[in-house]
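Given below, in the form of structure tokens, are the structures.
You will see chain A twice below: alongside chain B first, and alongside chain C after that.
Let's turn to the complex of A and B:
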């Protein structure tokens, strides 16, 4: 159920978020907030862990750029138990990644309050930095971008956002909503008990009519569904430029292994072996095993892939990794009717099983005892 | 067989390997195209192992474990079943015919079933497109 926070009448979406974060810090609801913040002269934003309410000024969580998937930062922040409470402002894909990480105990949500919001999508980071350099008022640019998204004007967003189907953060503790709602209020949805605690003495008013919001969300979803690809026919051609730089693994929130089996020293061969392989196969590509690398990666994290597209942004060779991983992972997830980050109670497909299922695996059908 | 196919079989130690052993003892005839690798449990088989087989030129791969509910480690083959299904559904994308990868359940007493399965797998792999992909 959506609720309107009554006390907050800010000028715009950005102000209302800042107000809310300041409130959380001032009232000691949390000890710190993690939020993307703009450096006065910087071209991009970077996450900041803020403890002083005054420092929330300049934070810009809505800036249309995703430099890192913030779930990676949460891994760092919660690897040891602390008693400090942290509120984090996350994009929906980051919320979903964080929930996947909570399931595999890489993030502890004990003292974590996730605040999500309706995400308008982002630019490619490099493109964003080029655009923003020419902008006088950088905060205004963010607001213009959100306005354009809310009034259905087409904005240039990066490809992996253009077919994102999960642009509302329904699984966060609190999600801020603005699609299809009156823009002057701060409307939030409280999804967990923890979220309730966070705002329990704020005056709220329930919003009874959210049909326009539902309609709008439906509209965007149908539009995006059409862009989404269901097949890749030339996977081997697409992946060919890969130089195995491991960027996509480093930035991926779900590649959580401390020790990766794709490390060069584990995956590589001795010099003699390389020669022998080259002789046997007449030629080998170097750096080798690039296809194997991606296929193993997708087999290892595909069931959890949230399609944030950060791998595509990190790829120096401009391989459309976001699209590839999206198509592959959706196929895997559909097998188990699993949506990563949908709910904390759903178990990962590979850590659970049902006794009666998937009989098609054994397709060599033979009656027993024949 | 006009063409010498090479099929790698990952057999779990407790059921399928014993089943294959029984097939041998009982003198069931089956094609000699299969190369058996004994693994502790079908749950041990990492998709990377299978990809490596294909990369190094195997024509087919067969993963075989205990029947569901009869795993020596109680549930290893249930996990294997999920993992292998995921893997199998991706094979198409990188130019490997689905028929080149098979999974089966063979218990220690099913020597005859093992012989049948190998025959069937060889037929399947034979029918599959033999286009080699450079992984």
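Let's turn to the complex of A and C:
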């Protein structure tokens, strides 16, 4: 059930978020907030861990750029559980990645308050930087972008955002909502007990009619579903340019190993091996094992992949990794009826066993089985 | 370049296995190729490596000091790995430095028509095992203490026999049953085939023997709540149900149940006899203690009565009694939970005929039993008249994979023959009919027994199945086919006895999960090997006996109980158990503490240290199954002598 925060009236969405963050710090509801901030002369935004309420000025979580998946920062921040309360403003894909990381104990959510919001999508980071350089008022640019999204005027967004099906942050502790709502007040959904604690003494009013919101969300989803690809026919061609720089691994919020299994060192390869292989196979591609690398990454992360697309943005060779991982992981997740980041209570498919699962696979192996 | 972690002096033996390998794989080509492979110190081939002379060559090589690893290219490691590892111990070499390359089952046998390719494949298989062997470590077995106590679950004839055999060898035994008394199904039977011994007469002395045995602790009216630990060291939590009677005081005098005003159908009498709300299941119960059935007791239902309390001269009644959890530590567990009958309500085509005079076999036993509700007088439960025409239907629910159970319940042919004879002895002018599919009477004196029924007691055996039953007046009409004559047979019967299929007793699935043992497709407990390990389960230290494993008669049950007892004693006769050292371990440097391996371990061998954020493996609990290894994305979980580097190098040598 959505509700209006009656105390917060601001001239635009960005202002209301800032107001809310300031309120949280002033009232000592939390000890710090983590939010993307503009920099006077920088070309992009970067996350700031803010403890002084005054420093919330310049926060711009809605700027249409995702430099990192903020769940990566949460790994750093909460690897060891802290006793300081931190509120973080996250895009839906970041909320979902964080929940996956909580399940595998790489993020501790004990003192973490996740504030999500309806995400209008982002530009590719480099594109954003090129545009923003020419813009006088960067805050205005952000607001214009959101306005365009909310009034269905199509803005150019990053490809992986264009088919994103999870653009509302329903599994965050609090999600800020604006799609299909004409309200100057800040409208939020409170999804957890923790979320309740954050707003406990603020005056609220329930929004009785959210049918237009539902309709609008449905419309966007239908449109996006059509863009989604269902299969990849030229996987090998697509990853051919891979130079095995491991950028996609470094930026992936869900890659959490201390040392990647796929480092040649880990495999115990000696230099002689390459020559031996080349003799045996007549020729080998160098750097080698790029196919193995990507398949293993999909195998390891497929059930948790939230399709944030940050890997695609990080790829120096413009391999459409976001699309590739999206197609593969959706299939894996469908097998287990699993949606990563949907709920903290949903256990990872590999850690649970249900008798009825994967029966379709069994059927292939045992055609006569009952 | 020599890497100190590698074994680089490997001896290779190639076995011809007579012509099994040598007629397909070109041994000469193999030895020539492998002798050139890096690290191979020498290579020898022999006709039968597993033979005495073959092993002599093997041992000589071990003793030579020339080599630090051995690869035997022969049959499957499940056959002779142990043979060669033992030989290496005798020759003073660590057994875990011996590896088998399977070039028979995985090569010559499956490629018998493509010799060249088979030779090539044999070479590849051997190279990959040489690669693995290079990085093998010397390992020593983990030893663990055993607790010399045993828990037997189920106190029917099977569990009793196991407990007696073990206890008589001086080992302390706990005998558990969820019923108030031991005795199980056999206590319900009237006579037994093929001798027509009275069941009670042969069973009750055993029950008394169990009750008096100093090494047996009875835990009746109890259920297994939780099992933890491992072979030699199980910890079992047992729920002792509330009997509402202080058993230390109760002498089973029976005054209480004489006074009890509430009468209910008796489960022991298959509901055709009665018992009170405070009761012992039957007069010869061991222990002879009463329990209050709180679902029927007037005091529990209405808050008034307590007549038993007033009547009890010993003050044993305790309405405040609560169930309690008792913990015991044992080294081995035997599951002997027995059977139930398939529900006759599931047989749709007979339902029209169901009435009090259509009975299952066990109920008929109670009707025949001299201690049963009719004192052995054979009369119809409906009107007390003597049935003159009686139909026995075999295989009801059994051998019917499409609608019911696929298996043969194995005892019904025999007990039906027994039923017909007992009937004839009581009603000499009556006519018994038996509908059967085939007569399965394999067993000592069994066939003779069935022939006696047919020839001496004039039982009419009709080969065919009964299509339906329905009622007409006070008769049950049985419509069946005689497949030998091709005619439809209609019998207006006074009584019908259904030989219901046997199925594992209720609750076996939950119990099997607690014990981490497996059940088969029909719900019976799985043995470790159908021929060679018939009373062991795949979980070390847990054994099976009796009908919990498969349908069987008393003779077989008692034999199997003896077998289970001897396996238990074999296990516990060792001061210490040796545990295979091929276990997993966690590389702390790599472990990110995600905990996924913890949920994967079926043996509870992995724990997550929340503070250190690392997983740890208890090598005593670890069975080396490898589930944690495939779960760990970081490669932090690894198995001894099967490390990531080892299998990568194995793959490398193959592709």
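Everything that follows uses one rule, which is that the second predicted complex is superposed on the first by the 352 of 370 C-alpha atoms of A that agree within 3 Å, B and C clash if a C-alpha of one lies under 4 Å from a C-alpha of the other, contacts with A are read in each partner's own complex, and residues count from 1 in each chain.
In this section, a contact is a pair of C-beta atoms (placed from the backbone, for glycine too) under 8 Å apart; a residue touches a chain by one contact, two chains touch by 3 or more.
What you see is a predicted model; the values in this text were computed from it and never measured.
When the shared chain is aligned, chain C comes close enough to touch A:104, but chain B does not. Looking at the shared chain after the overlay, A:273 reaches chain C, while chain B stays out of its contact range. By the touch criterion stated above, A:350 is placed in contact with chain B and with chain C alike.
In the superposed model, more residues of chain A are touched by B than by the other of chain B and chain C.
Legend: residue contacts after superposition of the two complexes on their common chain; A:236 is shown touching chain B, with no touch to chain C. When the two structures are aligned on the shared chain, A:256 is found in touch with chain C, with no touch to chain B. In the superposition on chain A, A:292 makes contact with chain B only, while chain C stays out of contact range. By the touch criterion stated above, A:335 is placed in contact with chain B alone, chain C being left untouched. The interface of chain A with chain B overlaps its interface with chain C at residues 261, 350.
Note for the complex: chain A touches chain B at residues 232, 235-236, 261, 281, 285, 289, 291-292, 295-296, 298-299, 302-303, 327-328, 331-332, 335-336, 349-350, 353, 355, 357-358, 360-364, 366, 368-370. Touching chain A in their complex are the following residues of chain B: 47-48, 51-52, 55, 57, 67-69, 75, 78-79, 81-90, 93-95, 102-105, 110, 112-113, 116-117, 120-121, 124, 133-135.
The touching residues of chain C, when paired with chain A in their complex, are 589-596, 599-600, 608, 613, 631, 633-635, 644-645, 648-649, 652. The residues of chain A lying in touch with chain C in their complex are 79, 104-106, 256-261, 266-269, 273, 277, 300, 347-348, 350-352.
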